[in-house]
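All chains are identified by letter, namely A, B, C and D, in their written order; residue positions are counted from 1 within each chain.
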Amino acid sequence: MSDPGIILPAPEPAAARLRPERTSLWGRALDQFRRDHAAITGLAIVAVFFLMAVGVWFGWWGTQWSQALGGRWEGPSGGHWLGTNLLGQDIFQRAVYSTRTAFEIGLIVAILSTLLGGLLGALSGFYSSRWIDSVLLWLMGTLDSIPFYLFVAAVAVAMAGNPWAMHIAMVATFWTTTARLVRGEVIKLKNLEFVEAAHAIGLGQFRIIFRHLLPNTFHILLVQGTIVFVSAIKAEVILSFLGLGVQDGVSWGLMIAESTQEVLAGQYMNFIVASSFMFVLVMAFNLFSDGLQDALDPRRAPR
Amino acid sequence: MELLSYVIRKLIGGIPLILGVTLISFVLMVYFGPDKTFELLSKNPTEAEIAQVRAQLGYDRPFLVRYAEYLKEMATLDFGFSDSTGERVSSILSRTIPVSLALLAPGFVLGNLLGIVLGLVAAWYRGGWVDKLIMGGAVVGMSISFLVVIVAFQALFGVVLGWFPVRGWNVHDLPSYAYYVTVPTLASVFVALGYNTRFFRAVLVEEINRDHVRTARAFGARPAEILFRNVLMNAMIPIVTRILFSIPLIVVSGSLLIESYFGIPGIGKVTFDAITSGDQPILKAVVGLTAVLFVLILIVTDILYRVVDPRVSLTGDAR
Amino acid sequence: MIMGMLLLAACSEPPSDDNRDVYRHSEDEAPASLDPAQASTVYSNMVVVNVFDTLYRYKYLARPYELAPNLAAGFPDVSDDGLTYTFRIRSGVEFTDDPAFPDGTGREVTAHDLVYSIQRHFDPGVRSQGAWLWSGRIVGLDEWGQNGADYAAPIEGLKALDDHTLQIQLTAPYPQLVYTLAAGFSALVPKEAVEFYGREFSVKPVGSGPFKLTSFNSALATFDRNPKFDRGVLNLADEGYRDDLHGTYGLQALDGQAYPFVDGLEIHFIDENASRWNSFISGEVHNVMVPNEQIDRVLTSKDPIELNDDMAERFHKHSGIEAGFVYGGFNMADERFGHHPDPDQDAANRALRCAIRDAFDWQARNETFYFGLGNVFPGVIVPLVPEFDADLSRRSVQHNLQSANQALDEYGWRDQLPSMSYGMPSSVQQRQMFEQFRAQVQEIGFSTDQFSPESFATFGDFSRAIKNRELDLFFLGWSLDYPDAQNTLQLFYGPNETPGSNNFNYNNPAFDALYEQTLTLQPGQQRTALYRQMNQLVIDDCVVISGLSRTRVHLWDKQVRMLPDREILGGFFMRFVDIGNESETAAMSN
Amino acid sequence: MTRINQPHPVLRVDNLCVEFATTAGQIRAVDQLSFSVEAGQTLGIVGESGCGKSVTSLAIMGLLPKPAGRIVDGSVLLDGQELTRLPEGRLRQLRGAELSMIFQEPMTALNPVYSIARQMTAVLKRHQQLSARQARHRAIEMLARVGIPRPDQRIDDYPHQLSGGMRQRVMIAMALSCQPKLLIADEPTTALDVTTQAQVLRQMVDLQQELGTAVILITHDLGVIAETCDQAVVMYCGSKVEQAPVADLFLQPRHPYTAGLMQSIPRIREHKLDRLPVIEGQVPNLAALPPGCRFAGRCPNREDRCVQQQPPLTERGAQQFACFNPWNGPVES
């Protein structure tokens, strides 16, 4: 076999007897994930941010993000932990409130684009080399050929200030990668015995797709979901800077966009706080996502 | 001859893609796009003037006519004049694209080269601390927003240190080129490096685990030789694919942010201004040409596959 | 190899010759079009008046602004009824050499060129943005445009009597006519170049002004001195020089010398404040208008404006009020809060508008966004025009929550407030301004949802929404076309309602009657009184939340001898700019 | 353990112990392994997959995957030179020159993007300082010697243009092109079909005889051992359970594991063996080895002490085995 480092001289069945290791994909993934300290740390940080976002949802904190509570550009103090911005708004409250915005964008875009990508990818794979597949492949190729920011900007402009324009644009571009991956997996799966058996006993095609094929691509969907989540949060910053992002409310992207002028006037607080919050969440999510990929993709098993 | 017929076949095969891209972008950017009428009107317009300008902009014509016109413009590569300045679109493009290329080329080349080098190093020491350090750095790099990097670099190099200009593009010779291109290049390398390194490492690790690498080691090849001849050369297909396909995205999307922020008169800034002012002729040209570029890159990629891997033939299917 | 070629292609300009004196000017935005027919912005004007000639220009230093002949030989003869104007044009003035002319040599500028240039505005194919200056004013001109814009067809009210004489016949007295002939819109263009370059004339202008455009893109315009340009010498006394005001700028040395003084001109269009500022500090450009966020760092005092020592050591300073203002407006066509046929409801609506106006805190706006340098004034007659009334009650620009709440209670608005949409172009600063305003109206009972932002990706879409009366509230800026209050008061004239310039759709017969009365009046006491009456109507009806004129603080390199001013004056000052060499400058400061 | 007055062996492996770091902890993949090979001799190592035979060959070559695998004890002497303590640079000079190795998968063992010529001459240029022309000449000559028809043309082919058998011949030619003292062949014919297998083996043995190379042949196929080897080492779970001259081994296997292997060989070999014949029971986990004999769990002759302590290597004539209760009966089938 290829690398002696990868195939260790320990035959599988013996291992199963001596140590009760889980044999399913998910069981092994869980074991692998648990041993990945970076991923666990990432998950923990993401959880903290999520709680922060939930708190904002329930109005426990971050409620006074829009009020001008202080003077312009006050330094950190007991009243304003991280100081105030140009309008005298509390930077900490705004950063905390933005956590909710980030999760809203990340979750909505990740869930929708994963659903769309999974569904269309499965359809495309199941009917591979038929017309549905050709049309879907053409659509994916087309969407991938339009430069991302141009596309998002165009959607935002076309939808004239609609608060969901940004989400829709991101979903419309992010689903293609997921769909391609799912398509490949489904093509692989549909030739496997259990699917052929399902055909043989006369199960309907949609039943096969939804009951047998899609669930088996769930690991791809999960990993892609995390990747899209991170991409969405990062894209929001750029779009908000370009004036195409969040329409009402506040987000780290808006804070950074506000701060671009302040930074050059020597006021760094808004910039540092917003970018740090975002960096920590994105970094944690990246670590978490990496851990998931290592755990779920046998080919990415560590070294 | 074989090559020529192949290219022609591929070009014809690219037509649906171009049609798709033009159709989608036409619907979004032109049909439902921004209305330029009121920017061209005076402070005190009359209904008649509004109708007049709308007619001049072609807003009053039916969808299909306008789309057909777009396709005709694509076929003749003549996109007319900018709706804002009245400058010929082709002259805008020929003025701005070289600027963008000169601006982005160093960052693009460096970002990929460094990415490959770091990827090779990490792959060679996979599992070791060097690998962990590089990959840790890559994740950090991936987690920082491009905008944050640009703002921070501009503040650092332009304002705090004052080594480089804060913005602008007043290039007339090599030193002035280096003067203006450095900070944007650093920023784009910084941002691209994390993603590139990760991708290249993954590809290279897969290759480094192959049997022929072990063979080479068993025959006493030096690490440099192995990394170059066995690992890198064999990983060329995914590497070439990634690099080539990132070109159109970088030329438009990448330059958009850098050029708007650094005030550089390249294609990205022109495109962005066209979006925010609804300059449809420019948008039509940029999107259409990007689609053509994609098709060309598809072809170039296939030809390069043939060059880097003897197993690939242009007539049959790859691998 | 490829890189080298790229580099060559990407070069913006050959390096400027060290022996040439080049004035490097910075502006905060790039003009869209350089065609005088579309010279609607300060930025376009900056270029247009330097490349082209206008009949009149504003005096370099005189304030309030005064006209001086430019291409015209003196002021026009006006008939007693004020309807016929006869202009004499200098002879011997030629357009710059350009391939557009036969054998490439520019020919003489004649009165026919002015006829052509004004005709163009009424040609439907030209997309004029300045036609409204003359629309309905000149006999036969509108009809000429409507009848197919045949340039061969004569126009009764606009004709060249000979090569150097132009006659304009008005439909009614129009005291502002001469002002319009100092606007970039009226600049003289040669027909040959317009036809030669077609659509691209807007980026390849050919004129007879003091400079000749050599390159233009959205970041930089470069010019060479027009060697054919000869208007004699600079007479400082005629230009309004006062030793007490201008003595320190080193202008005396230029008195009696032929202008333009510099060999070349560069205008750098730098959108971002910080970038522009840094370019100035590092010497890449010679001048800057101090961006807001630098104000606290640069000034030691705001009234009067004083530079800190370091800045005063290095730079000259001049400050002035902008020729324009920013204001918020209501869409009066909306019966929920605008005009209402029922007098009681109309009064209630008026109370609501007044309450919102009183809730708006100009002081906060000024402090936050203009660093206290804005000039808050009541009404719509801006401080820059002669008709401005410094003694007008400031009641309408005072933040007064108590009176606002009281009025709302009195008219039964409590808990019945309508939802208001606030329109804005999508930008960070616009959003911040909105957030500040929203916080203020929340104090009088509006909830977050009742006061919602509607942002537009392009300014065009924003304007369309205003013109289509889709927005309840909006903030806009206005820059004056000429220093006359009529220019802002026309924004409230009923017949100008949208899509015209009356974005408020304000419709008050009393106002309209006064407006019509002033149209034909020459400047003077009577007209000023009527203007002020109209102003009061607008204030009392709470149509507008107004206003603020920004104070511009100009800084420039001490090496440059000039007085920069882009208000009204536009780019006219550039012909008088001189770059002193180091030793001269040093000698002068001693 | 050591014998005096023997001819000087080309390779002597003494008490070799190799460990791997895994997520389950340190695993001893090779435990106290000793053997030696003389010039011109062929030593077979046989065992189930995972028994440590490939690890042994990599350990000798110094190609254990780093940092997971390392030699924790023992020595490897090539011509009297200690390999385990040699710096990597020196070891590299030996690989391909003094000791060569060919692998199981001829389909993937060659670099697909370079021609045969380029890969063979690279080795020759590296170790023998030949000019490009000389190296090519030599490479063609070697290809001819392993029985490749029209070698002067085939040498410019790319690996994908050759059949599996041809590729393995190329590997053999390449491995022997610098006339190494030792050739390690790790399952060289497993991936080939039966007829090609025999031809390739024959070619390899012929060339080995000609050049006097010592060969270690690693296989799971006892038939291959019988046909080509002088001595055979049987490995189980990382350690040697039996070593004997091939004739003795087939005549009278001593270790019950060897006997088990023998029993399951089909008498008439009509088809190649894809895997070793099945022996009842399961191989223990290397991460948690039992204290006694590693084969005890599957051994028909198991006694109590087999479970408690490890049987030492016993010598009987030319035969060595590690068993308390060796097999004495005939090999049934």
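Couple of notes before you dig in:
Note that in this section a residue touches a chain if its C-beta (ideal position, glycine included) is under 8 Å from a C-beta of that chain, and two chains touch if they have at least 3 such contacts.
Just so it is clear, the model here is predicted, and its values are computed rather than measured.
A count of contacting C-beta pairs for B-D and for B-C identifies B-C as the more extensively joined pair. Relative to the centroid of all protein Cα atoms, the closest per-chain Cα centroid is that of B.
In terms of their C-alpha centroids, the spacing between subunit B and subunit D amounts to 52 Å.
Subunit B and subunit C have Cα centroids lying 39 Å from one another. Here the spacing of subunit C and subunit D, counted between their Cα centres, is 90 Å.
Each chain gets a centre from the mean of its Cα atoms; for subunit A and subunit B, those two points are 23 Å apart.
Contact with two or more other chains is made by residues 2-3, 153, 157, 243, 257, 260, 263-264, 303 of subunit A. Shared interface positions of subunit D, defined as residues touching 2 or more other chains, are 68, 108. In subunit C, 272, 274, 278, 457-458, 461 are the positions where the chain touches two or more neighbouring chains simultaneously. Every residue of subunit A that touches subunit C in the complex is listed here, in rising order: 66-68, 72, 86-89, 153, 156-157, 160-161, 243-244, 247-248, 254, 257-258, 260-266.
Residue ranges of subunit D in contact with subunit B, taken from their complex: 61, 63, 67-68, 92-97, 100-101, 103, 105, 108-115, 122-123, 126-127, 158, 160, 171, 174-175.
Residues of subunit C that touch subunit B in their complex: 3, 6-7, 9-15, 32-35, 38, 40, 124-125, 127-132, 135, 199-203, 217-220, 268, 270-272, 274-275, 278-279, 282, 284, 457-461, 463-464, 467, 490, 496, 499-501. Within the complex formed with subunit A, the residues of subunit C that make contact are 272-274, 277-278, 293-294, 297, 364, 367-368, 426-428, 431-432, 435-436, 438-439, 448, 452-458, 461. Within the complex formed with subunit C, the subunit B residues making contact are 34-47, 49-50, 52-53, 56, 81, 84-88, 91, 95-96, 98-99, 101-103, 105, 158-159, 162, 165-174, 176-177, 261-265, 269-270, 273, 275-278.
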